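The data blocks that follow each hold one structure.
Each of the next two complexes has chain A plus one more chain, namely chain B in the first and chain C in the second.
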Partner chain A sequence: MSTTVAPPAAPAAEVDLGEARKVGLNTGVGMIIVCAVGMALTFNNRAIIAEYLSMGWLTLGLLPLVGGWLAARREQLEGVETAPPGPTDVATATLAGAFAGGLFGLFLIILSTVGDSLRDVFVQLSPQLLDMLTFERGLGVGLAVAILLPVAMAALGGAVRVAPPRVGRAVLQVIVWVFGFGVLESVVVSIFESVGLGAFAESLYAQRGGLTIVGTLIVAAAAIAVSTLTVTMKRRTADRQARGDFGNIKAQRVRTYGLLLAAAIVLPMLFDRSVNDMLINVVIFGIMAMGLNIVIGLTGMLDLGYVAFFAVGAYTTAVLTAPATNLAFSPELSFWLALPVAVLLAVVAGVIIGTPVIRLRGDYLAIVTLGFAAIAQVLVLSDWFAPVLGGPQGVRDVPPVPLGFTEVSATVDPRGFLWLSLAFLALMIYVAWRLQHSRLGRAWQAIREDETVAEAMGINVGAMKLLSFCVGAVFAALAGGLFAAKVSSAFPTSFELLVSVLVLVVVIVGGTGYVPGVLLGSLVLVGVLGGPTTQGLLAEFAQYKLLIYGALLVVMMLAKPEGLLPKPEKSREIAREEMDQDAWFDKNVGGSSDVAAERGAAGSDTEEQA
Partner chain B sequence: MSTTAAAPPGAKSGATTWIDTFLRVFRIAAILIIAFGLIRFTIDFIAGDTISGSQLLDLIVAGLAQGAMYGLIALGYSMVYGVLGFINFAHGEVFMAGAVTGFVVADATFRSGLWESAFLAALFLVLLAAVGTSTITAVLLERIAYRPLRGAPRLIPLITSIGASFFLQNLVLGLVGPASRSYPSAPDWMTDQRDVFGLALSGSRITVIVLALVSMYVLKRFVEGTKTGRAMRAVAEDKEIAALMGIDVDKTIRLVFIVGGIMAGIAAIAWALLFRQVSYFVGFIPGIKAFTAAVVGGIGNLGGAMVGGLFLGTVESVGPATILDPLGIPAASQLRNLVAFGVLVLVLLFKPAGLFGELLGSEDRA
Partner chain C sequence: MSTPILEVEQLAIAFGGLKAIDNVDLTVNEGEIVSIIGPNGAGKTTFFNCITGLLTPDSGRIVFEGTDIAGWSADAVTRQGLARTFQNVRLFPDLTILENVMVGRHGRTDKGLFSALFSTPAFRKEEQEIEEHAKKVLAFFGKRLVGYRFHQKATVLSYANRRRLEIARAMATEPRLICLDEPVAGMNPMETAELTGLIQKLRDDWGFTVVMIEHDMNVVGEVSDRVVVLDHGVKIAEGDYEDVSNDPNVIEAYLGRPAEDATHKAHTADELLHNREEA
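Coming up: the complex of A and B.
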């Protein structure tokens, strides 16, 4: 990148060999990793389209698809005209696919020749993997597939990129829908059954799992229809708003909230037990993630010891409510008395942990909070605290949550517990929303942007940061209390450091500082892939979720640090800034493209020297 | 919100004095607790009620050996922080990659008989493999995960490195499986207790300490004496000016990661000699402790990293018996990690710049 000098005029479109090689080899390595960690083989057992496509092959195919899509991307330099996307970009993507295919073919040759001796070290290079990759028909077939599949998928990815956005979106929707329907078979069937359309749902799926061909076509058609419909509706709304007609905003808002409320009440009735159980985890982690969102997203403090507050909430609730015989202290309070105590203790813990670290530099703060969480875990496990917290055995028999005349227990009736958790979630969303838009929230955001300036504006930085820390702790403690009541126990293993990291991933993938994004992140990550100790809908992911989470964190930071659903105001701000810059540039310098090119050339010169 | 009460009424005007008060109380309490433990221990020690003198010496030597290993890993943290200004959280996994590869090679030499017949040759091969893997891992990390983020706010590469850490850990888990494996045992002449200056020291501990000190000396000569080393210090000082002076910044930063990787690879062998057990998880806790060591010595300060490592190793080894046990805490030996992380918290509270001061790039000094 540093060596290419951006030409001033529209460049002749040509195949970008370097880009193709880079993306292609990366894709190939990705495919090899998917195979070598055993992901492909594990996923192969789940059929997406019966007898034609398994999740294993889908994963292998999606990588070059994304790779091709990336390779077809043209560097858009500001002020420099680039050639319109065209067939050459598809050629670049195809070439990238060829590189990936070549590498993957090489892997297949190695696997089939010396795979047996490699297995001592790389435990997943099993004969079954070879069978899967060659379809049990010999190396020739395997090699053909290994090379042609990436080429074809990368070409498709490139074509999607080059095609008009409408088509691209439709293709994306089809992939997501088919994948979703194929993977979430039990959920889909149970929903359709509870509204009396069980027979229809059954007809979509084959006997032994996976969509039938007809089912696939129906789902794809539905996806295209919905995609087209949303595009049209969005355009219509945009047109209307461009005319200055925003409609009755208040009525729209009431409608949205009414719909959400109805969904929260009705949907749990439609789902079966396992889905409701999974949704409880989503809600609990959503509450936690909203709290961390305040600490990281609003205030800009990277708190890696967040799990400590979750543990405080869970353990306090458990110790205060459970009739435990192995503990020195068990008052057997009601859940509703224990929860405020848990929250209060979390605030105390927040002050104790927060005060020493509040003045530290951002990255030191991260590590010290991590240290505190590690200390907390050592203490919980130690004999020293065993009389109070039960040591490795933890606290068992946490009673159900009493609610008026009945009791809500997640083991007996996940539905009731889900409603309870949703009520808490609604409350906490309201709290988070009010906080974010209060004077306090603005002070936090000011601190995130620039501490010195915030201080100069009269914000008490220390106190505000500590407050944010404690508010985060309150969210985590509430989530912890619910968690203890849900699993009716508190074990040290539920509070490992990786919980902090997982919530961090949820916040970052969802979009820092934006509540709907965080909740969506929680739904997708915790719901589908699974939480730290809980399983998601896809049990296959259980052993690979941390690998995926780690990769997600890196990819998000490199590609889209603002998250998948960035805060609308923020992207608007950024867009406005760029527009202002362009305006300034045009006014003061004029003839933007030449100057930009010169600027680019000068920039790359210095880099070359370096 | 109940939390609003956390900010006292007077806090709004001027400096946040109550935070200072809290910190003062915190510091005094920490000093009192440590002093009480130590005094109590001294009394018990003189009265002969606690561990014996030779046991104490044994703990110290064990701590020094482990601390030397922390010091080697800490060098990687310290150098990266000094040059790029962020915590390379994944450095522990660089160490782990070396340790696991080392095991694979050691196992192969054990099966071929080389481990038994020519132990030093086998150990050299293992060292080569561990250092190679650690170095390659470190360089790839820099190229893929960190280089695109150069100049981004400090927290962004830190979050990236946390992700990279989990990715590497679970990649190794996926590749070689979750089982913890054991290096073949070293020959007796290696592990035997030896009499050095009246102290009974096991051979592997001596080897580790010597290995670490020699590596440290070579590194110090390299950074201070060679042109490349000077380039590294220049880049740490100011990347732009260094570039203007004709230094290839990208190459120099890659070199920093290479050196960090080599040191982590040597540390991996030290781990193998001391503990023998390796799994995908061995990088995490030693990584955090090594970072603590780097902070204790003053981050960016190479000599400090080594001293910090030795200090942390010793305190962690001796602390439970001399501070926690006299306080009446049961089963204090479970609390080694508590001591280590306690050191981290206390150092940052008392002296965030570390014992020997930080040496950071210009943008960090502001």
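Coming up: the complex of A and C.
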């Protein structure tokens, strides 16, 4: 280019009315739904900050906070000069809050005037809800709060977005920490008690639940301190890497694994029974989700009949180990003999189910496997299998897992069972990781990307898909075996189609194709919200579990389709290799002269925006 | 140099009533570069799909190095030593550039589930071999696809580089014969000239026999030992570039008949063939 064109002056930022209206009205509708399904009122019984903030109000307030954050976001197009984030973006966010508040205020007016007649349809629009929203002080106060709360929260959300990352992060951390400490009161107290600081923890909380004001301030201060520390550390690492100093990556890796191992050993000692019990569920569904991740995330086969293999594992283990009198067949084997049989049977089931369906692609595969899931449950309940599987009564009295001279039972000692499950988890993480980074894993991914081309690359697509199906079945069967031993029974109701769907949501929300992401998904969904038949940390969520699962799935698909914790690009290694590029080239191919000529051509080649 | 590596005899495939390939014969000798040309819809890509196993021909023989591979599945054909690229560039977009090429090694490696699980020395050696071979193949295209590019996703590449990566992926399968479907489509003249040179090097340095479909007549004229012309599924001419480009049938297939024959203009494929037989 001979003439340099002056870049156009950055356009002055303007308040984006359209964006504010869109986000604001959506937020308002969200707030109304939270009220109309009864979530606000149910959650209102749980105090976050004693006497000042309930979980119901926090839920209502978080929506406009997120809305404001979204409204303040402006698309940064590459090569187009845009005004830096500034007060106008906060104004957009505030405007969005005003839209939300207006809509919510309207809802309040409707509720207070014709709420009684609406209740025939919307049963949750109760007088108690009106009392909660108006603080029992009349419509005027209610309206003021209904309008001002979204405005303030949206403005805060916008400000967090616009503020420098250090401040923004700190504010978010404070909100998350206060929420976490407030909701998980019993867990926090039990952890502090086990390290001898029970009195301190008690002092954070009020008598009737919720953080005290002082407690809130302490938690907030801790959050700010941790946030500042991590931001500083991150910046330091980035600075060092910018200078080309990557440190000893191997040593860092060893340190990470060591920390994880220490956490796996120490943390169960700190938690109380209920938390350990919940974590067992997280681990079991995590193992299952890792298997489904191989089938869906790597190979791209949408298998909705996955629960069938979970049932195979659980029932095989249960039937082989339980001293059942109502069954025709009960050899009362040890868990350690039953589990390999369960895994083997799952592989057989995988081949039987897989062989006819592997030819199918995409949606067709999903529909057929859906059919298999339904068949599996009908079979378990059928009279035909009743003598072996116990029909609707299921299999009871599955014994604890023998381990050396002792036994590990989830009902007696959840801690020990959690350690056992964690050992299985570690084993399966290793298996998943090894497979993903082998030629098999690459072949699976190639099939996911383009089946025809994968075939043209010499991959036996049918065999590889069947292998993936069976490996997934092994994971599910192992999880099933553990599950049967944990709940010491196997009932048909534990193996509904819903299990397949929820595990699928775990994979998608966590991060498709990336093991840590899938495990995070399991922790968040199964741990906090609750699994298909198990309760999570928050008992209040049980009623709204499926609603939240569904909403989360929709939100994730729209906002972050790659999941909570997606597979990172190898940014660190890329930066390093970029520096090594010339060295690599000279060492390996630079010697020959015609390649050198090509390099000349390559230099003038125009790169590279596709 | 004149041992045949690929002999196609009376190959035919029809989609419903449309004879996409109509009894085509073709012999490719080892070390040759053969171009297949013809107007759009002539059946060139269908011909490729048949010989690489993506389509099963209705009749005819495809003898590759003495083995009849007609009706084999595509993966078996590739492992037999016949690789291809795709006209509409079909990479694995979510895999890295290096992984794209490493996938090409799949048919040339055999370590299975248990070697991978236990990470046996043989498995590690094979993985290393796969990676080294892939890097070597990528270095064939100069500096564009190596170094930091190894770990970038295939989607970051420019159109021309995607075409190069496709060729690299096919090269990684260690073919004896490589089928290139419009390798220079969408490239600028400089890139075209460079790739033309590389196609010759595929034969001279790597020992591949090359069959390619191409519309760019400069490229065809420059590299081809022999040119085959297809039209409406029928082979209408074969020979060196000079002969073929002066063949009246070929000119007619590309440009249509002169104006004075307009009244006799063919309306169907059969009529066209009939007219041509008369001519």
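Note that the second predicted complex is superposed on the first by the 558 of 610 C-alpha atoms of A that agree within 3 Å, B and C clash if a C-alpha of one lies under 4 Å from a C-alpha of the other, contacts with A are read in each partner's own complex, and residues count from 1 in each chain.
Here is the rule we use: a contact is a pair of C-beta atoms (placed from the backbone, for glycine too) under 8 Å apart; a residue touches a chain by one contact, two chains touch by 3 or more.
The model shown is predicted, which means the values in this text are computed figures rather than measured ones.
Q: Counting only touches as set out at the top, which of chain B and chain C does A:442 meet: first, second, both, neither?
A: second
Q: Among the partners chain B and chain C, which is in contact with a greater number of residues of chain A?
A: B
Q: Should A:133 be classified as contacting the first partner (chain B), the second (chain C), both, or neither?
A: neither
Q: With the two structures laid over each other on chain A, which partner does A:553 touch: chain B (first), chain C (second), both, or neither?
A: first
Q: Taking the superposition on A as described, I'd like to know which of chain B and chain C A:344 touches: first, second, both or neither.
A: A:344 sits against chain B, while chain C stays out of touch.
Q: For A:452 in the superposed arrangement: first (chain B), second (chain C), both or neither?
A: second
Q: Is A:32 in contact with chain B, with chain C, with both, or with neither (first, second, both, neither)?
A: In the superposition, A:32 contacts neither chain B nor chain C.
Q: Does chain B (first) or chain C (second) touch A:422, or do both, or does neither?
A: A:422 contacts neither chain B nor chain C.
Q: Should A:460 be classified as contacting the first partner (chain B), the second (chain C), both, or neither?
A: both
Q: Kindly list the residues of chain A that each of chain B and chain C touches, one partner per complex.
A: Chain A residues touching both partners: 431, 460-461, 467, 471, 606, 609-610.
Q: With touch defined as at the start, can you tell me which chain A residues reach chain B in the complex?
A: Touch residues, chain A against chain B: 33, 36-39, 121-124, 300, 302, 304, 343-344, 347, 350-351, 355-364, 366-368, 370-372, 374-375, 378-379, 381-384, 431, 460-463, 466-467, 470-471, 474, 498, 501, 504-505, 508, 543-544, 546-547, 549-554, 556-558, 561, 606, 609-610.
Q: Tell me, which parts of chain B touch chain A in their complex?
A: 1-4, 6-7, 11-12, 16, 19, 22-23, 26, 86-87, 104, 145, 148-149, 152, 154-160, 162-171, 173-177, 243, 246-250, 288, 291-292, 295, 329-331, 334-335, 337-338, 341-342, 344-345, 348-349, 352
Q: Once bound in the complex, which stretches of chain A touch chain C?
A: Within the complex, chain A touches chain C at residues 431, 434-435, 438-440, 442-443, 445-446, 448-450, 452-461, 467, 471, 569-570, 573-575, 577-578, 580-582, 584-585, 588-589, 595, 598-599, 601-602, 604-610.
Q: Can you tell me which positions in chain C touch chain A when the two form their complex?
A: Touch residues, chain C against chain A: 52-54, 73-75, 78-79, 83-84, 86, 90-96, 99, 102-109, 111-113, 116-117, 119, 123, 126-127, 130, 135-136, 139, 142-144, 146-148, 150-153, 155-159, 161-162, 169, 173, 190-191, 194.
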